[in-house]
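Each of the next two complexes has chain A plus one other chain: chain B in the first, chain C in the second.
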Partner chain A sequence: MTLSDLARPWRPFSYGFLDASAKREIRRKLVKAIAVPGCQIPYASREVPIARGWGTGGLQVTCTLVTPGDTVKVIDQGADDSVNAASIRRFLARVSGAATTLDTTEATLIQSRHRVPEERLHAGQTLILQVPNPEPLRPVMPDMSIARQMHADADYGRLWLVLYEQMVRTGRVMLGAAYPSLVNGRHVMTPSPIPRWDVPKLHMADHLTILSAGREKRIFAVPPHTRVEPLVFDDVPYRVEEHGSLTCHKSGLRGYFMNELPQPDGTALHEVSDSHLGEKAIRRAEGEDVRIAETWYRNGELAP
Partner chain B sequence: MTALGLAPPTLVTAPPLLVLEGVTKSYGPVPALRGVSARIWPGEVLGIVGESGSGKSTFLRMMHLEETPDAGSYMLNLPGTPGNLFDLDRYDRAQLRARHIGIVYQNPHQGLLMKNSSSGNVAERLLIAGERRFAILREKARGALDASEFPLDRMDAPPIELSGGMQQRVQLAKAIALEPAVLLLDEPTTGLDVSVQAAVLDTLKRLQRDRGISMVIVSHDLGVIRVMADRVMVMRHGIVVEEGLVDQVFQDPQHAYTQQLVHAKL
Partner chain C sequence: MAYVATRGGERAIEQAERLYRARMGTIDAARVAEIEAALPALVDRVMGEASLYARDLAALALAQTGGDIYEALLLLRAWRTTQPRLQVAEPIAPDGTFTHRRISAAFKDIPGGQILGPTLDYAHRLLATEVLDGMPHVPPPVTPAEAPCHATHPSLAAWQQAQGLLQPPDPVAVDRNEIPDLTREPLLFPAKRAHSLQSLARADTGGLLSLGYSAMRGYGNAHPTVNELRLSEAELRVAHPNGTVFSAGRVPVSQAEVVTTRGKDGLRLGFCATLGWNEIKVIAGATLDLNAPGAAKGSPVEQEFVLYHTEPVEASGFCIHFKLPHYVTFQSALDNLRAARANAAEAWGAPGPAPVPQEEPAE
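Entry: the complex of A and B
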């Protein structure tokens, strides 16, 4: 018997690109992250064939979770057709044989940067967010070993102090993306750079959300039916971006998160940020039989 | 009531608020404290004097639970505080410190977030205690700054833009925001010019009279101790060489070092 008889025949790469040990590492840390919602779990981040900062954390999680039976959707800033989203989607299809889709309702794995889709995700779907900076305390505590102690002590007074300062200076909270949020009443997480508009979508959601930072090597999760509460003062209500009254110039959709398109004459047009939702609305207007699922927001107001 | 409108002195019969016994600490081979004990009664001001390196600041850090000693015990006679505070873990120490102990450092950079607003510095204390209403935070921060005689039109200016005396007032407001049982002052007026020093001491004195806070004031300036303190402890080489009422110790020093200290005053 020779060694080559015992080994499997050579193949170009492992299923889902990552080797078995890398996937096992991520699976183990995922279990931990889901068990302690919002707590940042360090993991051994591996190289994937995109640059750090381009979604390596999200890609490693997707590569680990993907099976041939999955349907994958990739979003970049709400759009499915940007170069980064298209490349990641093609890569995932190539290494896993999974189907790809642009439709939120059909996807089982959704890897996203900056947005949560407008259509309500259901149980069984997994949202994977790419996170550039997983540490919500970094702006107030540059020393990471002390920041970790602050997480352990649930000592988040400094984050409220940031809100206080902004209220004093400008009369309102000026945090835009990555609004610090308390998960399950215990850990404050930064929900990746999603806009304030999207944070309430994670609260008591039916789907699983996994947040992964490849460069910073941290993974955290919001399991289904878990409280996600943005930090706010009791007497100053949480406000999302004022996009409720904007209308998409292409699809005519109203009451969703919009991208602003500045025009040469100084005005601005808006288009719906969730590109496939816009596309579906246009196709439906043209008489096609397209199903748009229930959305989180209705007429610009968060649906109960 | 006396002519000044002050209550006449009364006999204190309450048990001591704060009891430290045999606190010992050395840094490597260097002994900083060699069995120092102190008791502070409610509403009393204890002064600690001594030369640099005598261990007075280390002792104050022990009282603020920033460090743990090699040996010794620390009791705080307040409801809900357990036996020896030195046995508490980091989290409980921080909680206790936030609720019952206020501190003013010599260097404002140590106690303040220099780039946050002054009112924010005070509000941080309240946020740690769990206050989550913006209007109440604002009101209480204003109240504490007012009590420490800080000009309220500058309450949102960052401490880095303020003068030394005003920075000390922000520190003081922060320290008293949660109405602590004990206020620790580490050389609070060193580095201020004489007139500002007098004004800050005046504020401290008034606060002490109005609120009856127990204070521990560490200073190498005998004048400050004479004005502020009821009792004084003289420290040298990590031990207490003399202890007694301020007038008694300064008028009639017994220990050779205290005699030297009193006479060395310029």
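Entry: the complex of A and C
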């Protein structure tokens, strides 16, 4: 037996791009993040071959979790064909050999920028959300060391004050995407800038959600069957975007989160933001045998 | 199938990259070698910010990105991150390095002398337009000194310590292999001393200059005097598996020590070092290091503010990410805006005043 029999053949980089020490660190931090839902866990966050701010946090988690048996879906703003999603999907396939898919129901790992798919995720699927800013307290406390102390103290008074001031000024809460939400009754997290429409999909879900900010070097998680409650006053209900009655001009789908497309005549058309759901609806209308899974929203209302 | 037909993402990004690369033409070994030879200052800057000492790789990264420094850094950092950390070399003391240039602004003359070394400081900055007319600029030969200069020079801070002007540093006893490594663990605040110096070493030169300059103009609390600026080559002493310590080569390093006389216990130092020769960076970095203790939260010289905002790969990446589509978050905010306007119209019977815009967190 020689040394070369024992050693693996030389490769320019490790399986899944990241080396074993980087993956081990991320796995440990993931376990921690899952054990303390919503709590931001710092990690080293290696540089990867895409730019910071372009999904490096999500990419490191996906690279750590992916195996050749996985099926990976990558979306950006709900669309599989967005250029950055296409680039990340191509990179993941190249370094992992995993299958890729556009179909939410077929994916085992879904890396997403700012959307949760409309079809219900089930146990065994992992949603990896790219996070630009992991700190819900940033608008009220830009200093990360002080914000960390505020989380430790569950000191969220300033966030409540922001909500109250918005109510007083405009009659409603003006927070758009990234609506701060209390996880497991303890830590307030930013659900990454997913629209308000998507936040209830994380509440008591069957799937695991991992949120990873590469540039800011923080990982946090929402394990399955965990409470995710948007911060609201008892007498002011949480409001999702008023998209329940909009119709997609391409697929005819109605009652899902929509993209607004300004038209030259001053009007606007809408198209369903979950691009593959739209595609499936079109193909089904054309007579193909396409299965659309149960969706979180039915007739524009959150299904119980 | 109109919906499917619009999926052009993969082809579009491939062609966009080709368009960019077409401007640069063929990249060959000769081009890389020419960059390495002709642009030592740029190669040094890139090596320092990439925290990777490899002249040929730095030159290759510059060739491959057409000179876009931030893209070159990202290439080098992403390559670096895949490399194993074999071992930690022996510590280097400034007075043990092979010194090419060592000056002090604090005294007219210092033990070991002021060694000017290579510098453009006193050059007249006249553009050599004759080069464009076909008259090459051939650098005049350097006249050797009568006696060779010493290879090493004592540290001025050692003299100041002996005089009782400067408190000797209080080193934390740490095993060499346990020195905190910024590339293997997150930066948290208050930062470990090792992390803070490592961050400065790989910080953006422009970023350090900008914040350092703000400190020099008065946004800091300490005025810097350059105690010692040193350009040298340091021996990279590592251990062979059989225990023999040997030099694996020399790496050029820059070090700056700035000093302030404002302090109760005598002089106080700020320090910055980096790979390659980059004087602006280490003077600005040392000034920021000097100003960090006691700086108010959120001030431009406070440690967290400085170290977060001068990370070149993070800052440039986030800046260019704003080119990515943001229509989902925009749609979500638009929904609020329209509803608030409708509320106002209901209350006042007219479109009403525009709602006060809310500060949105960065997305």
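Remarks
Throughout what follows, the second predicted complex is superposed on the first by the 296 of 304 C-alpha atoms of A that agree within 3 Å, B and C clash if a C-alpha of one lies under 4 Å from a C-alpha of the other, contacts with A are read in each partner's own complex, and residues count from 1 in each chain.
Note that in this section a contact is a pair of C-beta atoms (placed from the backbone, for glycine too) under 8 Å apart; a residue touches a chain by one contact, two chains touch by 3 or more.
Since we're looking at a predicted model, the values are computed, not measured.
With chain A as the common reference for superposition, the partners chain B and chain C occupy compatible, non-clashing space.
For the combined model, the angle formed at the CA centre of chain A by lines to the CA centres of chain B and chain C equals 70 degrees after rounding to the nearest 10. In the superposed model, A:Gly124 lies in contact with neither chain B nor chain C. In the superposition on chain A, A:Phe233 makes contact with chain B only, while chain C stays out of contact range. Of the two partner chains placed by the overlay, only chain C lies in contact with A:Ala178; chain B stays clear of it. Look at A:Arg215: by the touch rule set out above, it reaches chain C but stays clear of chain B. Touch criterion met: A:Pro132 reaches chain C, while chain B stays clear of it.
Counting residues of chain A touched by each partner, chain B versus chain C, the larger count belongs to C. By the touch criterion defined above, A:Leu161 reaches chain B but does not reach chain C.
Look at A:Pro68: by the touch rule set out above, it reaches neither chain B nor chain C. Taking the two complexes aligned on chain A, the least Cα distance separating chain B from chain C is 12 Å. 169 are the residues of chain A that lie in the contact sets of both chain B and chain C, per the superposition on chain A.
Listed in rising order, the residues of chain C touching chain A in the complex are 1-4, 6-10, 12-13, 74-75, 77-78, 80-82, 84, 183-190, 297-298, 304, 308, 313-314, 316-321, 324-329, 331-337, 339-340, 343-344, 347, 355-356, 358-363. Residue ranges on chain B touching chain A, taken from their complex, read 90-91, 94, 113, 116-117, 119-120, 123-124, 127-128, 132-135, 137-138, 156. Chain A makes touch with chain B in their complex at residues 149, 152-153, 155, 157-158, 160-161, 164-165, 167-169, 233-236.
Residues 13-14, 17-19, 21-22, 25, 42-49, 51-54, 56, 76-78, 80-87, 90, 113-115, 132-133, 135-136, 138-139, 142-146, 166, 169-178, 190, 193-197, 215, 217, 239, 241-243, 250-251, 257-260, 273, 275, 278-279, 282-283, 286 of chain A touch chain C in their complex.
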